[in-house]
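In what comes next, chain A is part of two complexes: it sits with chain B in the first one and with chain C in the second one.
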Partner chain A sequence: MTFDLFVLPFFIGLLFLLGVLVVKYSRWIAMMDASDRRKAGMALFSFSLLKTIKEIFMESLLHRRMFKRNPLLGFMHMSFALGWLLLIVMGNLESRVYSGGHINPPYYPIFLKFFIHDKRVLPFEIFTLPGFFRFIMDLILLFVLSGLVLALIKRTRSKWFGLKRTTVHNSFDKWAITSLWLIFPMRLLAESFTAGIYKGGGFLTNTLGSFFNLFLPLEYMAYPAWWAYSTMLGIFFVTLPWSRFMHIPTEVILIFLRNAGIEQGKYPGSFSEIEIRSCPRCGVCIDVCQMNQAGLTGSTAVYFIRSLRDQQTDVQLNSNCMMCGRCLEACPVGIDTLGLRVGARSVDNKGIASDFSYLLKQTVTEKKAEVVYFAGCMGHLTPGVKRAMLQIFEKAGIDYTFLDEDGSICCGRPLKLAGMQKAALKLVSENTVKIKNTGAKILVTSCPICYKVFNNDYQLDGMQVMHHSVFIDNLVKDGKLVLRPSDLKAVYHDPCELGRGSGIYEQPRNVLKQISEVSDVAEERANSLCCGGSIGDLSMNAIQRNVIRDNALNILCQSRPDVLVTACPLCKKTFDSGNTIVVKDIAELVADNMEPNKLQLHAAELIDQQCLIA
Partner chain B sequence: MEKHVVVIGAGPAGLETSASLAKLGFHVTVVEKEEVTGGHLKKWHALFPNLLSGKDALESITKGLDSTIKIQTATRVTGLEAVNDYFTISGHNGWQEKADAVVLTTGFQLFDSHRKEEYGYGIYENVITSADLEELFASEKEFLNRHGNKPERIGFVHCVGSRDEKVNNLHCSKVCCITAVKQAIEVKQLLPDAEVFCFYMDLRMFGRHYEELYKEAQEKYNIQFIRGRLSESTEDKEGNIVVKVEDTLLGKPLRIKVGLLVLMAGMEPAAGTKALTNMLGLKNVSDGFIQPLDEVLRTNNTEIPGVFVAGTCTGPKSVSDTLADARSAALAVADYLKS
Partner chain C sequence: MEKKAKNFGYTVTRDRQIDFDANNHDICKIVAKAEPTLNLCISCGSCAATCSAGQFTDFSLRQVILLLRRGETKDLDKEVSKCMLCGKCQLVCPRNVSTRNLIIQISRALCDNRMPGLQIVNGK
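So, the complex of A and B:
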């Protein structure tokens, strides 16, 4: 016997799902840019495919990133993903034991225990081939069921899983998850009932079957249980493409495309569509989002992405995000949450016209030099930082020119964050000419926001872009700047755009350690908090920002430092307005603690000697 | 038995309350954290709208003090507790008193202009505050900027630390508009050839003769009022301050070079005001000033019977308003102690 009517819900569901996936995949391929399509095609036959396979194994099956966040959470996801795949693979192999090595119809391995009642082996006889499979299949089922138990516990004890808040799902997702959760208990029941009758199960199903047989009329219950099992599978497959479980067949595509070197590109486009559907709504992004502190719970990445998927985008929701990147850092799928946000904003702000007539009146320095300094608009709003940088240049004897000395010039990043790519590029191209005209080899900026856009979007023909913290660190290493240690107790705050945004964590700390005693803070480096002053958010009010700022200040000042040091004029200004602690930019602290360098000491010595001679 | 009232703070409000209470027959002790009484007034050169000198004003207030009033200076109040029907008040130096009623006259502190870093206070020498300017007037030295030059242009920036969400102050400090008009006129009197600019958001000329003074400033003294908030200031090589501001009436961005920039620093509740609010468990209001029992009818009472308030601890006030408020507080205390 190789067929029964009850397999139909599963089989039809499966065919339906495959059909939908084929349609969706083809649409994505059709939407792709020709160049991206070429890249993807090449990647199928290149080394990156191995990387993709490894990443799929590590992330989609083992859930490495989830494990790193919380072992229970990781195990729960792994047991479902890896367990289910193993059930399919091992089930398939097991079915071939009985078909003489032939491939069977897809439903056959799934419902094998219905069709085959092998009484030759005992449940623990794992050294014969059928016995081994019998044992291993029950073990895997137990593995999956342990994940299900954890998932149920997580409903009420999410804190054990490292989640203070969990996603609030819509009713469709609730349907999908109910069917998913019922699949495995149904399988267990169907196999146990059958094993109870025929004694053909493994250690788990046989034992349970014998137990049920004591008080249940299994001969009447086994067949309905198989129907239920098949029906749950069918429901799950039919709901999958519109539920959050679409991430299962999409995430692997995303991993492949990313490894093929494909980026988000135009929005909306196939890549963004794939990213949107790769979001499993696991809710890991919820706890890390500081907007919650200000009561702004609706615009967290998970809900933002869901609104995109459901085509219920909302201007307010799109604009309410500080773009700090904490969700990006936490996302186990690595979805470019910020890129999607910028994309959504680009649609919202399409109608805004830009007037560039002011550019004609802008004046910049005409002096040429080795180093060109760019204070940026925030640098101009914190003249202390600007002054400190000029003092440092003078002290270190740097041949420099101050590009925006005559008033701030916009780097373009605020426009970019608002999704106004075209307007941003206009500024980028204007500024590129101005910067290149200085003939400098190094562009130093005080603002991490400017730094990021200079690095990512400007073509400066080999001119090195440096944030001032890196520039200062180099000066110290080269001996051009000598720092004087002080007994200040400091903590360092990683600005979003410099740390998470640009990966610069060490250089500012190197410099700071030479001047002060630096203590660690609870949330630092990649987990650093946003100060709340972000230019990335387009609609938060001052009160909401203050809540975020004060929470961050609380965490930063736990060790009661003398000074809170940062490397971003915007962070400085924001924290300063909290009025709880002295806030300084690293450049200011450096300028306050400079000693004469070797060259200057030598010059002084020469003068002294001349005096002696005279 | 003679009832005893302790007044905390010996600025204009505290001194006037004490004087009035003594006249009403109460035994009064006024406690002051500083060595000398008089509060901010002792550093103020002249008062609007009639240019009465600060010194004369303070002298007049002090003259009203009865010899029975005990003045306890250099004492910071660190403890204040209600015990049955009286209060015990103690200072950091061991001073202690019992009182039947307490009047808080702890006043304001000037907004720390360093917090508006973009204006350059503490960074550029020729950026000063309105209080610094009063000291400069009071010194009666030649009117020079910090580089020793006679400034050809002087700018006044209104609303520094007031009505500014970015520094967490939503309130209007009330007196700075008219103070700027007064100071601008005084500068013009000292340097008739100088150009004087006032950069404002709104001009709130709420008191009698303020509007006239504002008119005089424009017509007689040719002071230029530019509606627009300063965005930032920088320093040029000669030490002049270059301010960037938008003239919102003309809709034009401006850049003006001035030899001296005066920031009209606003009022914030004094550290002592905040400390006493916490000590007594009085309702904490977001702006930090003490909340009276009713903002219209019971402006000198608090939610704690026997604890009264007067002066700028309940919000920005001019000196004349403060004095009136102080006398009114004395009546509220009398009403409480005699019932």
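So, the complex of A and C:
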């Protein structure tokens, strides 16, 4: 007997799911750019496929990033993903033992214990092939069930899992998760009941079955239990494409495309569609989002992505994000939340016109120099930083020109963050001409916001772009700048755009260590907090910004430092308004603690000698 | 007569009376609803003084807000389109007006209102 009516809910659900997936996948492939499609095709036969397989194993099955976040959380996810896969694979192998090696219909391994009733043979059962499988299958089921128990505990004790807040799911997701959660207990019951009747099963199902047999009429209960098991599977499969569990078949595609070198590109496009569906709504992004402190809980990445998926985008929700990138850093799937946000904003702000034709009338010719300095708009609002940089240039004897001495053209990043890519490009091209005209080899900027866009979006023909902290670090290493140690106790705040945005963590610290005592902060480097002054957000008001700023200041000043050092004029300005601590830009601190370098000392000596002779 | 006046070296100044009835006050209401901090503006002009775009052209957010409040919204979209959204005005504003969002909301309101068949009445 290899068929029974009860397999139908499962079987129909599975066919339905596969059908939907085929339709969705082909739509995504059709939506792809031709070049992306070629890239994806190439990746199928290249080395990157191995990388993809490894990443799928590490992330989708073992959940390495989840483990790093919290071991309990990681184990919970692993037990479901890896456990279920093992159940399928081992179940398939087990079924082949009975069918003589050939392939069975897909429902057969899933409901094998209904069709095959082997009696348990103790004590050497485990050394026979069927006995071994019975043991292994029970062990894997126990593994999955342990994850289920953890999942249930997580509902009320999410703090044990490293999550202060968890996602508020919609009713559809609740249906899906209920069916998922019921699958495995139902399997356990069905297998146990059957094992109880036929004295079969492994260590778990047999024990449970014998126990139930003491007081339950199992012969009447086993068949309904199999129906329930199959129905739960069916419900789960049917709800899957529209629930958060769509991430299971989509994340794999996302990993593959990412490894193939495909980027987000145009929005909405197939890549962004795949990213949106890869979000498991695990809620890891909720705790890290500082918007929660200001009471703006609805615009966290998880809800934002859900709104995109449900096509219920909201202008307010899209604009309420500081683009600090903390969610991006925390996301176990690696979804480009910021890129999606910019994409959504570009749809919102489509109709907004920009006209920068007045810039074309500028006929200032730029001075030629080795190094071109760009203070940026924010740099101009912190004259101290500007002055310090000029002092440093003079001291180190750099041949430099100050590009935006008489007012800057914005770098374009704020427009880009607002989703106004076309307008941003106009500023980019305008600035590019000006920068190139200087004929410089190095472009130094004081503003991490400018730095990021110079690096990513400007075509400067090999001109090196440096943030001033990196430039100063190089000067110190080359001996052009000599620093004097002081007994200041400092903490360093990583600006979002410089740290997470551009990966510069060490250089500012190297410089700072030479002039002060740097103590660690609870949230630093990749976990650094946003100052609250971000230009990424469009609609937060000053009160909400201040809450975020004060919370960040609290954490930064825990070790009671003398000075809070940052490397971003906007962060400096924002923290300064908090009035809790002296805030300085790294350039200012360097300018305060400079000593003459070797050449200058030598020159001074020569002058002294001449004075003596005279 | 104008030609004559020119010959005298002076002109007759054109009447600058503002006809409030003829102006469009809806835009201001829509914008104030979308960005309530507009109501905080005291027209101090700090924004215009620091403006990046203002360095290169006669763009002034203070003037934009003034025209918006008067309802003289005819050429406002051209003015607003000069903004680079750099955010300097927001940092210097003593009244904490969310100027960047204000600019976007003005553009959006003007853009929506220009569309045929989308006549917005009394800010609703």
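Keep in mind that, in the parts below, the second predicted complex is superposed on the first by the 604 of 614 C-alpha atoms of A that agree within 3 Å, B and C clash if a C-alpha of one lies under 4 Å from a C-alpha of the other, contacts with A are read in each partner's own complex, and residues count from 1 in each chain.
Simple rule for what comes next: a contact is a pair of C-beta atoms (placed from the backbone, for glycine too) under 8 Å apart; a residue touches a chain by one contact, two chains touch by 3 or more.
Bear in mind the structure is a predicted one, so any value in this text is a computation, not a measurement.
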Clash or fit, chain B versus chain C on superposed chain A: clash
Which of chain B and chain C A:573 touches, first, second, both or neither: both
Touched partner set for A:407, first chain B, second chain C, both or neither: both
Which of chain B and chain C A:351 touches, first, second, both or neither: second
Partner chain(s) touched by A:542 [first = chain B, second = chain C, both, neither]: both
Contacts of A:384 with chain B and chain C, given as first, second, both or neither: first
Partner contacting more residues of chain A (chain B vs chain C): C
Partner chain in contact with A:415 - chain B first, chain C second, else both or neither: second
Overlap of chain C and chain B interfaces on chain A (superposed complexes): 380-381, 407-408, 542, 573
Residue ranges of chain A in contact with chain C within the complex: 319, 349, 351-356, 358-359, 361-362, 377-378, 380-381, 406-410, 412, 414-415, 418, 420, 427, 533, 535, 538-542, 570, 573
Complex interface listing, chain C residues touching chain A: 35, 37, 50, 52-53, 55-57, 59, 77-78, 81-88, 91-92, 96, 98, 100-101, 104, 107-108, 111-112
Touch list for chain A against partner chain B, complex: 380-384, 387, 407-408, 542, 546, 573, 576-577, 579
Residue numbers on chain B that touch chain A, as the complex places them: 115, 117-118, 120, 123-124, 165-168, 231-235, 244, 255
